[in-house]
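Shared between the two complexes below is subunit A, which has subunit B as its partner in the first and subunit C in the second.
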Partner chain A sequence: MNSTTQKSFRNSFSNVNRKAKFCGIALVALVTFSCSNDDNDAPPVNEEELITTVTAIYTPQGGGTAITLQYKDLDGEGANAPVVTVSGPFAKNTTYNGTVTFKNELASPAEDITPEIVAEGTDHQLFYQKTGNLAPFIYGSAASNFDSNGKVIGLQSVFATTGAAAGTLTITLRHTPNKNGANVAAGDITNAGGSTDAEVTFDISVL
Partner chain B sequence: MKNNYFRLIFLFALSAFAVSCSNDDDNNNDGSEEALTEFKYLRILLSDEKTNELSLVNPSTATATFFDAKFPKSALYTTESGRFAGIIHRADNTVETFDSGFESHGDHVDTKGTPKFGALIGQSLAPTHFKSKKGELLTFNDGDGTLSVAKETEIHTVGAKFKTINAGLLAHHGAMATFSNGTYAITEKDNSIAGTLPEKVKIIDNTGKTLFDAKIATKGIHGNASDGTYAVFGSASGVLVVESSGNQTLITLPEDFGTAWFGSILETSIDGKFVGYTAAKGAYLIDVINSTIKPILKSTKIMQCKVSYNHSKLGILLHSGEIKLFDLNSLQPIKEVKVITETAEDSKQKPQMTLTENFAYITSPTTGELFQLNLKSMAIVNKIKVSNTPYMITIIGFENSAGH
Partner chain C sequence: MPKKILFFFTLTMFCNILFSQNTVSGKILSQQLEILSGAHIHMGRNTVSSDYNGNYTLSNLPSGSIKVNISFVGYKPVDTIINLQGDLKIDFKLVVQTANLQEVVVRQKIGNINNSVAEQRIKKATIEKYSNKTLGDVLKEIAGISTLKSGNAVVKPIINGLYGSRVPVINNNVRLEDQQWGTEHAPNFDVNSAEKITVIKGASGLQYSGDAVGGLVIIEPVRSKKDTLFGKTIVNYDTNGKGGSVSTAIHKGNNLGFSWNALATYKYLGDKSAPDYILSNTGNMENNFSGDIKYLAENYDFTAFYSYYNAQIGILSASHTGNVNDLYNSITNKIPAIINDFTYAINNPKQEVQHHIAKLNYNYYFNESENISFQYAFQYNKRLEYDVRRGDYNNTAALDLELKTHSFNLDYKKNLHDWNLKSGVSSSFQNNFANPKTGIRPLIPNYDKIDFGVYSIISHDFTDTFSVDTGVRYDFSKTDATKYYQKSRWDERGYNEEFAHFIVGDYSTQWLTKPSFTFHNISASLGFYKMFDNNWDWFTNVSFASRNPNPSEFFSDGLHHSTGVIELGDLNLEKEQATKLSITLQKKYTDFSLEVNPYINHIQNYMFLRPVGFETTIRGAFPVWEYQQTDASLIGIDFQTNWNITSQWQYLFSFAYVNGRDISNKQSLIDIPPVNLNNKISFSKKEWHQLLLELKSEIVFSQNKYPDNNFYTNIIKNDSFESVLVDISTPTPAYHLLHFYSEMKLPVFSKMQTTLGFSIQNILDTKYRDYLNRQRFFADELGRSFQIQLKFNY
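Here is the complex of A and B:
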């Protein structure tokens, strides 16, 4: 019985003329509220969070053509192969600001998981590993790229090209990494530990 | 007179309130969400007796999705990790794999993909007995006495195949167990008894080479379980306990067993303790360290005897439709209640049961439903439509609702 109903019950006895009306209402209210099935009150279960799509957009400082890297695997591990696209080559001698987003496109509407990664920033860090003669990808310095402890989350990166180059870029999202591990703050995944939430690799070139 | 009338109405209202509230309070007295709904990352997989349909039930939402296996009437087993299932088509010499899409990270679960079949498929002669330890899937192939082995990590590898381990055995209805050191206990047949059951167990490595010969010959072996240290086999001569060192012992069956013996052995969460079950006598706790066998439930009316997903409870479903739940630490009955209608002992369509920490799941092969029984209230809280003639059942996924 909720407190409102209890209070109504006490008040009802202060006025004999309202007793009959009150008792009828109270009876209905009591049975209605108390009969509600708790089993039906269970909170709804959220859809499972599957990262289907990782998108990294690199925008040249000072304007120019942005380069979009996208990994899309709508059924996750197994069965259908992921679709990996790179919109084009990076330009030489250009500095790009990159931003990564994560989505679950199986949900309807598609769910952007990125805000959750930011909200749980202390539990997440992105790593950028390159091969070939590509220049390094370094973390962006904006305050929004860091968690509440001042440790890097890494959704933003900077890629400063020089001459022609080619190689791969692997973007890894780690869950509960050791952000105090040796060189982890600088983006070295070697001592990061934790578990991998997403790992995607792109073939890129600088022309 | 007027006051008595209002007092009467008031008392009636209070009574209505008390009666209508009582059941709900009993159901939810621990206040946890999981007391009301199953864990978010847990699924129930069912095969069908007559069609290729597989039903994947999400018990937390009481919904089912459906998949087409290669054949009907498959046996289902969960892999060691809990993420995958092995689908055994004995009559069709095929093993399929199925992925829940969930990966446990200890304190939470990641969703790695949609539920789907794995690329890994096994082809062998009458694959029957299935085990999964040390990241491996193992089948004993009754048709030629070989083992087939593959890794969980290969399930989505296109073109991956089971590797055959041939220990030079005669074809028989065999079994195997994996030890923590990676070696295997495997049954062997010497035809000292008639029929398809093996008589002995030897230790082999992953190439099939014999490391330790059998030391004890029995009058027939069926059913086994292992905790990595002990491989325990049901046998007509007693409970055969095998260690990776090659040591073998027999635990004497209870005096009143006569010709009965355990044909099913189940692993528990307690080191060195296993459940032995025979329809002829009931369910017993086997202590391989102290070589004792204690009754849990003496009964000749048991239809299903299953250990819960976390191996801490024993659920026994009787032909009468009554379920009895036991704590495997204390061996004391926790709850018992009649939950389904009686099933004739000679029925060809018997309900199958599996248990989690909070719920039991019982198939209704005549109505095509899965009953979800709340183990706290002992009430059926959902009847979920599955394929028309559910056959076998297994749990995949994790008793965990924590995602990121």
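Here is the complex of A and C:
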């Protein structure tokens, strides 16, 4: 049992406390100066995987004016609304061959993503959905429109107009869809699943 | 030392000192002339104990009259005055004390941390049942605690309706810094390393933090002060997931000198399954290790501790949706979009987390009632989140965060009779690095954070049955971040008016900004504990906590892939301040005990995500939710009873209800746990190898108070746009689950106690979804699971 008085209790306590506090501060100083991270001013992240632009060019068989549909969103998930342009109306009674390309225009130089989609063909499929009284958009039959398993990728499409019509076209790029789902190979998105990498809608008119 | 003597000494110290120095010596004996060694002899301000032969000597005594007091246990003390004129030789004969020893009252302090709050403890035996599960799962054993899940391997505890940054986890006296702001970030902790878990529902654990608006989870590892070497191995296998875990711990205790502990766990489970289908890509794996060495001396001890946690968690493939239309499809299709055959492989999307803790502790004990402790801890947390990405990117994480935290704590405790003082200082330095090589704008930016806190807690026992405790804490916090904002987002948020001074660089489409925030917070707690006759205990506590916005609340800026929502933080956010009143009544009869805990928690500036609209991107439309603040109030009641029907039969019942209200917007808060009831009946028979059988019924009601955040989207049907409702608000229907647990101690090995456990989770293979599981839009919860567990104690 200690026989020291309360005063010396306090003394010994504050001595230990002082010592511990000094050690603490010394360690703090050591650590603060050795742990500074100079990555603070690194350049902004280079978003290479982003798709910023979807372009669909419809060329009439037998010559004529090609129609360009373009959807551009240059700030990704940012607040600015995308810019959608349709170069002009489609002509009546004409069959158009369409080709879709994907670009990342935030990369410099601008990067064409379409080859990557073809390279991973088994993991991608495009779907064309129309509204209004437009003729359907069907898949092109060229071999280049199909993946290594013989399943459609769908970068190429065919649009055969008849009379005057109006409506919208929605082009959807799905990543890892279920290509064997019911009617998926025919272009029905209902059972396709997967996740959407792009979904763009254009106002179409046939005059 | 008798208080009287101490007081006497202090007084005499200030008296004048006479110069005559005399010596008094002699012998202390009993009436029967037995030697009394170790008797206390006080003369004047000198004191000495009689030696082995009963002899004593006191020198430097002043002349004149001095008080003499001699005491020895079991004998009547001698109190007299001697007139000293020179050296003196005097023997004392002590008389035996015939009266009985006064009644010794040993009162176990109800709470280690706080006397006025009924702490909830989970015993080791219960923790061991969850050996291959998560911390969140274990905590559900306590009434009032629910879980927020993302799948079944990512489980966060909800205390009285609050979770995440509002519920700090303290592991072995180190506050876990593991990106806990994320709703799909579970505490990085190995269940097997917990010996004791204590939960404080509220902010009363001021020595740990001032921002525990929801509560604290305090986990303590095994500590042994006996000179023994013992260990434990647990092996288990689960049919749901077709895997299990093995965990081994060895402890070398000691009452003096070196002691150490070591623990290692390996866990691997493949895809789990719901009653009707496989939950593809839900496997998980863990590799954990922890160890410490302690040196114990008479008045101090020193401990070095290290722990390593490494987990790989597969995220349900079907849950990583794209846009609003994908979400609509997932909700309307009753089965997940991706169902593959069972596999052990953990593919993308997945989480890979590593958490290291290194800690040094030094405790110095002045005496049994006073000690000071110094602690330094370093934590390193590396979180990689992988998404399904195009091409080569699939092997690069979509999120790569490194969090380093250094913390220093100095804590002082003193116990003086019926006063108890705890006071201390804590500081921490944290650095977060978001690696840009992911190629994706990071969810939260780089930042440096400094925290500093000072606290004092005093408790006083007025009587044996009434005590009051109070505490106050001051916290200083400074965060310096570096973040790129897209100019379009900066303008949309309206930051230019108030935060233009944060801009330090122009990168054409983005601003480089350095937001900096400083906070000064006060938190406090006041409460009392009253023990009535008839074994009624009454706890009342009022606590006040302040929580600063976390990095996600400040800086979120983009699509949150696992929810398909664009989440936006707000630099304008202010700190949350919560005032909680909690009352607990406990009653213990011989065979029956009950505990009722009503509470009310009012939170000013409560931060939460609120839908504000849509944004159209090239990937389609996404709902936009932003962090807003409101005044919220959570009112609830937790109730549990324990009934020992006979020495073999026992019945437990628990119930929890919480009502969360957004007062400013006059609606219910989102993600508030619905009412739940638990009934458990157990049968034990020691004669049959300590057989224990338990049947548990878990009823979760449907939450009928929730905000309506539903919205409409256009999908194409029959060649036209059709507006459809995306119902993300309606909570899941009520469900009822039955679980069974049994164990038996088998005398297989002589030196090793073997316990065999067999349990069935979800006996009826009930198909259900849970409101608090973020994956309820995509898949059902787990189906039936059989588990075998072997525990060896040696």
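Just so it is clear, the second predicted complex is superposed on the first by the 158 of 207 C-alpha atoms of A that agree within 3 Å, B and C clash if a C-alpha of one lies under 4 Å from a C-alpha of the other, contacts with A are read in each partner's own complex, and residues count from 1 in each chain.
In this text, contacts are C-beta pairs under 8 Å (C-beta built on N, C-alpha and C of every residue); 3 or more make two chains touch, one makes a residue touch a chain.
None of these values were measured; they are calculated from a predicted model.
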*Return first, second, both or neither, reflecting whether A:N93 touches subunit B, subunit C, both chains, or no partner chain.*
neither
_By the touch definition at the top of the document, which applies to A:Q129: first (subunit B), second (subunit C), both, or neither?_
second
_Partner chain in contact with A:N149 - subunit B first, subunit C second, else both or neither_ = neither
_Touched partner set for A:E49, first subunit B, second subunit C, both or neither_ = both
*After superposition on the shared chain, which partner residues are touched by A:S108: those of subunit B (first), subunit C (second), both, or neither?*
neither
*Look at A:E120 in the shared chain and tell me whether it touches subunit B only, subunit C only, both, or neither; answer first, second, both or neither.*
both
*Kindly classify A:D197 by the partners it touches after superposition: subunit B alone (first), subunit C alone (second), both, or neither?*
both
*In this superposed model, does subunit C or subunit B come into contact with more residues of subunit A?*
C
_Overlapping contact positions on subunit A, where the subunit C interface meets the subunit B interface_ = 1, 9, 16, 20, 23, 27, 31, 35, 37, 39, 41-43, 45-46, 48-49, 73, 75-79, 106, 116, 120, 175, 195, 197
_subunit C residues touching subunit A - in the complex, by the definition given at the top_ = 1, 6, 9-10, 13, 47, 320-323, 325-326, 337-338, 362, 364, 366-367, 370, 372, 374, 376, 388-391, 393, 404, 406, 408, 410, 412, 427, 429, 431, 433, 436, 438-442, 446, 448, 482, 484, 486, 488-489, 491-492, 505, 507, 509-510, 512, 514, 558-559, 566, 615-620, 622, 716, 719-721
*Would you mind writing out the residues of subunit B in touch with subunit A in their complex?*
2, 6, 9-10, 12-14, 16-17, 20-21, 24, 27-28, 33, 36-37, 40-41, 60-61, 99, 101-102, 105, 110-114, 116-119, 155-156, 381, 401, 403-404
*Interfacial residue positions of subunit A with respect to subunit B in the complex*: 1, 9, 16, 19-20, 23, 26-27, 30-31, 34-35, 37-39, 41-43, 45-46, 48-50, 73, 75-79, 106, 116, 120, 123, 175, 195, 197
_subunit A residues within the subunit C interface of the complex_ = 1-3, 5-6, 9, 12-13, 16-17, 20-21, 23-24, 27-28, 31-32, 35, 37, 39-49, 51-54, 71, 73-82, 106, 113, 116-117, 119-120, 129-133, 167-168, 170, 175-176, 178, 193-200
